[in-house]
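Next up, some structures in structure tokens.
Both of the next two complexes hold chain A, though its partner changes from chain B to chain C.
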Partner chain A sequence: MRFEFNGNDANVSFSGDLTFADHMMFREIADRLRASTDKTIVIDVANLDFIDSAGLGMLLIAREEARKLNRTLVLRGAKGQVGRMFGLTKFDTLFSVEA
Partner chain B sequence: MFALSKKRLAPVEMALPPPEAEPCETAAGGHDALLRSWMSLAEMQQRVIKVLAAEITQTSGFVETEADDLSQKFQTLAISAQQQTERVQSLTSLAQTVEFEDQSFAVRDIGSLLEQTLTDVVAKILLLSKDSMSMVYALDALGINVKRVDDCMVRLEQINRTTNMLALNARIEAERAGAAGNAFRVVANEVRELSKSTDSLAATMNAELKLVREGLASGQETLRRVATIDMSDNILAKDRLDLLISALATRSALLKITVDSAITEAEIISGVVDGMVTGIQFQDRTKQRLEHVVDTLHVLDEAVQEVKSSTLMVAPELSELEPADMEWVKKLLDRYTMSEVRERFIAQVIDGHATQMPEQAAESGPTQGGSVELF
Partner chain C sequence: MTSTLDAEMATAEVESTTACWNGLAEASLALSLLPPATVCVEQDLIDSCKRWSRPRPVCRHLGLVLTTRSAYRCMVARPFVDAIAERIDLSDDVRERAHTALQEAVMNAVLHGNLELDSALRDDLAGMDKTHDTIEQLLLKPQVALSAIRIDAIWNAAELLIMVRDSGSGFDKKLVPASEEWSAAGHIGSGRGFLILEAFCDRLALLRGGTLIRLGFHL
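So, the complex of A and B:
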């Protein structure tokens, strides 16, 4: 997976595949997101092609940490396999999912 | 019923004595002949009336029996139609529900139940993945701690090597000092032994740390397998489930339309059959009309008998009647198409015998077409 912060530490874009192999990288991204001061954290997944259950688990951990800090985690632009996985797992009931 | 072709029949002509050319001369003889003809005709009329009354009574009886039979059959048909309607209605219930473990499930809800089951499975997978990744991150943190211990061990080994070197140098200096260095030599040996012990302990700790690192790596690999579950089948299952739910909804709607249509048709059949039963029951009125006709015929017979009796009182010589002119009767017989009726007519009207009416209704019904003579 590749990632890129969009101007500030509370907005990041993912591309490629988010799988178990990316868990160390995701930890670093999560730490950086947590260090930001914005109330809303945005993860843009529009260019993410694939996500497995480990990737979903990582997003849930990030959500849990955001809630502990009274922040909202927004998942934006999911489509293809990622969008179907979000639909299957009813992520829209757990996250703020934006088109 | 039966489509009988109506033939235009020629009128039956009576064979009466022709009028005389000179009525004044033969008036008495002519009147006598005419009177005899009238008496013969009256006799024949009475016989015909009796035959017709008997035929009508018998036919009325047949019609009544057949109507009762038909009515019973139609009532059976009405009950069957009603039962058919109920069966169709129960079919609706059967087609729309499934009994399982003493519970009734609507077919339209089965898709939702399956979807809920799939959702539960997916939720568990998700929870498992999340917990596994939490464990992975905990093991990552533990790995960092182990790495720090590794660094400490490297530092410890460096210190130990330095200590060992110092002990060796102290031993060399003690040897140079000779007897004065005896005490120093003892200390140097002790330090060297201490260094060896430390080295041995460090080796043991490194071996243990190696096992911890291997355990961490193995644990992470296990968690990777647990956390990384291929959910492609779940997505396909969800897609199939959506199609199944849609198909079930379509099937349910089509079934409802079909069953509603069947119920409507069954109700129409029931209504028509009920109407037919009611219609057949009006046969009573037909019977009453025929009874009026028979009654009228009897009255006519009595009237003719009265005229005959009055005539015989005035002219007793007419009691010995000549054989009646049967020509018009024979022509009438030719018009009868049913041999059975013709035979009874011959027996009663021509031969003057009373005949027994057959128990036709009891012997055969309309379904046994052999007894029905159409032409």
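So, the complex of A and C:
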């Protein structure tokens, strides 16, 4: 997976594949998101091509971390296989999901 | 349920073209799986792969034998499904579902099969870190790192079957959380992989005490 922060530490874009193998990268991202002070954290997944159950688990962990800090985590732009996985696991009931 | 494809596989002739993979990267795996290879064996398992051998169809079959170490470090599902698509026409839908389901089955074979880890340990950041540290420690042991995982695909005009077999001791299917249990709002724990397998396969079977997962897709 590749990631890019968009101007501040509360807005990050993912691209490529988010899988079990990306835990180190996800750890770095989670630490930066936690260090931000914005009320809303946005993860843009519009360019994410593939996600597995471990990747979904990482997003759920990020949600829990945001909740502990009284922040809202928004997932933006899911499509293709990623959108299908979000739908299957009812992510729209767990996150704020934006098109 | 036994399908026509299962019966064909049981009576097929033995013939295979074996290729070798260095176990290092997805790109080299993709090259090793190119036709006419029918079986690809990771370099470190060449000597021991005979015990994994069994009769295979002359064609309509692709196999991959790899180590736990490589299955953990390289994402093998995509190149394997791409290699199947080199041999038969797969719709975008089947290709996406097969890739997703195979990824889950392989990670299940690695984590719960050969490494015997509990996915509930990965429910938070600290647990995720600890799990990956544990995996790296386990992979320092040759008997663990080199334990085998075998992936086989067979197909005919109507169906594609992909089997993933690990070297673990299996598990009790009753311990896998039901879909509705996992789907309870806010639940993070284990069972997500099986929810995905059930949803993305046209048929799914856990065989040999949970050491073999068979994924079926209508073509």
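Note that the second predicted complex is superposed on the first by the 99 of 99 C-alpha atoms of A that agree within 3 Å, B and C clash if a C-alpha of one lies under 4 Å from a C-alpha of the other, contacts with A are read in each partner's own complex, and residues count from 1 in each chain.
As a convention for this text, a contact is a pair of C-beta atoms (placed from the backbone, for glycine too) under 8 Å apart; a residue touches a chain by one contact, two chains touch by 3 or more.
Given the structure is predicted, the values throughout are model-derived calculations rather than measurements.
K.L.:
I'd like to know which partner A:19 touches here: chain B for first, chain C for second, both or neither.
P.N.:
both
K.L.:
Between chain B (first) and chain C (second), which does A:90 come into contact with in this model arrangement: first, second, both, or neither?
P.N.:
In the superposition, A:90 touches chain B and chain C alike.
K.L.:
So in the superposed three-chain picture, is A:60 touching just chain B, just chain C, both, or none of them (first/second/both/neither)?
P.N.:
both
K.L.:
Output check: A:27 vs chain B and chain C. Expected answer is one of first, second, both, neither. What do you get?
P.N.:
Both partners, chain B and chain C.
K.L.:
Quick one: name whichever of chain B and chain C touches more residues of chain A.
P.N.:
Per-residue touch count on chain A favours C.
K.L.:
Contact-wise, after the overlay, does A:50 reach chain B, chain C, both or neither (first, second, both, neither)?
P.N.:
In the superposition, A:50 touches chain C alone.
K.L.:
Quick one: classify A:39 as touching chain B (first), chain C (second), both or neither.
P.N.:
neither
K.L.:
Residues on chain A in contact with chain B in one complex and with chain C in the other?
P.N.:
Comparing the two interfaces on chain A, one with chain B and one with chain C, the shared residues are 19-20, 23-24, 27, 52-54, 56-58, 60-61, 81, 84-85, 88-90.
K.L.:
Going by the contact rule at the top, pick out the chain A residues touching chain C in the complex.
P.N.:
Against chain C, chain A makes touches at 17, 19-21, 23-24, 26-27, 30, 50, 52-54, 56-58, 60-61, 64-65, 80-81, 84-85, 88-90, 93-94.
K.L.:
For the complex, give me every residue of chain C touching chain A.
P.N.:
It comes out as residues 72-73, 75, 78, 96, 99-100, 103-104, 107, 122-125, 128-129, 132, 183, 185-186, 188, 192-193, 195-196, 199.
K.L.:
Please name which positions on chain B make contact with chain A in the complex.
P.N.:
119, 122-123, 125-126, 128-134, 136-137, 140, 224, 227-231, 234-235, 238
K.L.:
Under the touch definition given earlier, write down the residues of chain A that touch chain B in their complex.
P.N.:
Against chain B, the touching part of chain A is residues 19-20, 23-24, 27, 52-54, 56-58, 60-61, 81, 84-85, 87-90.
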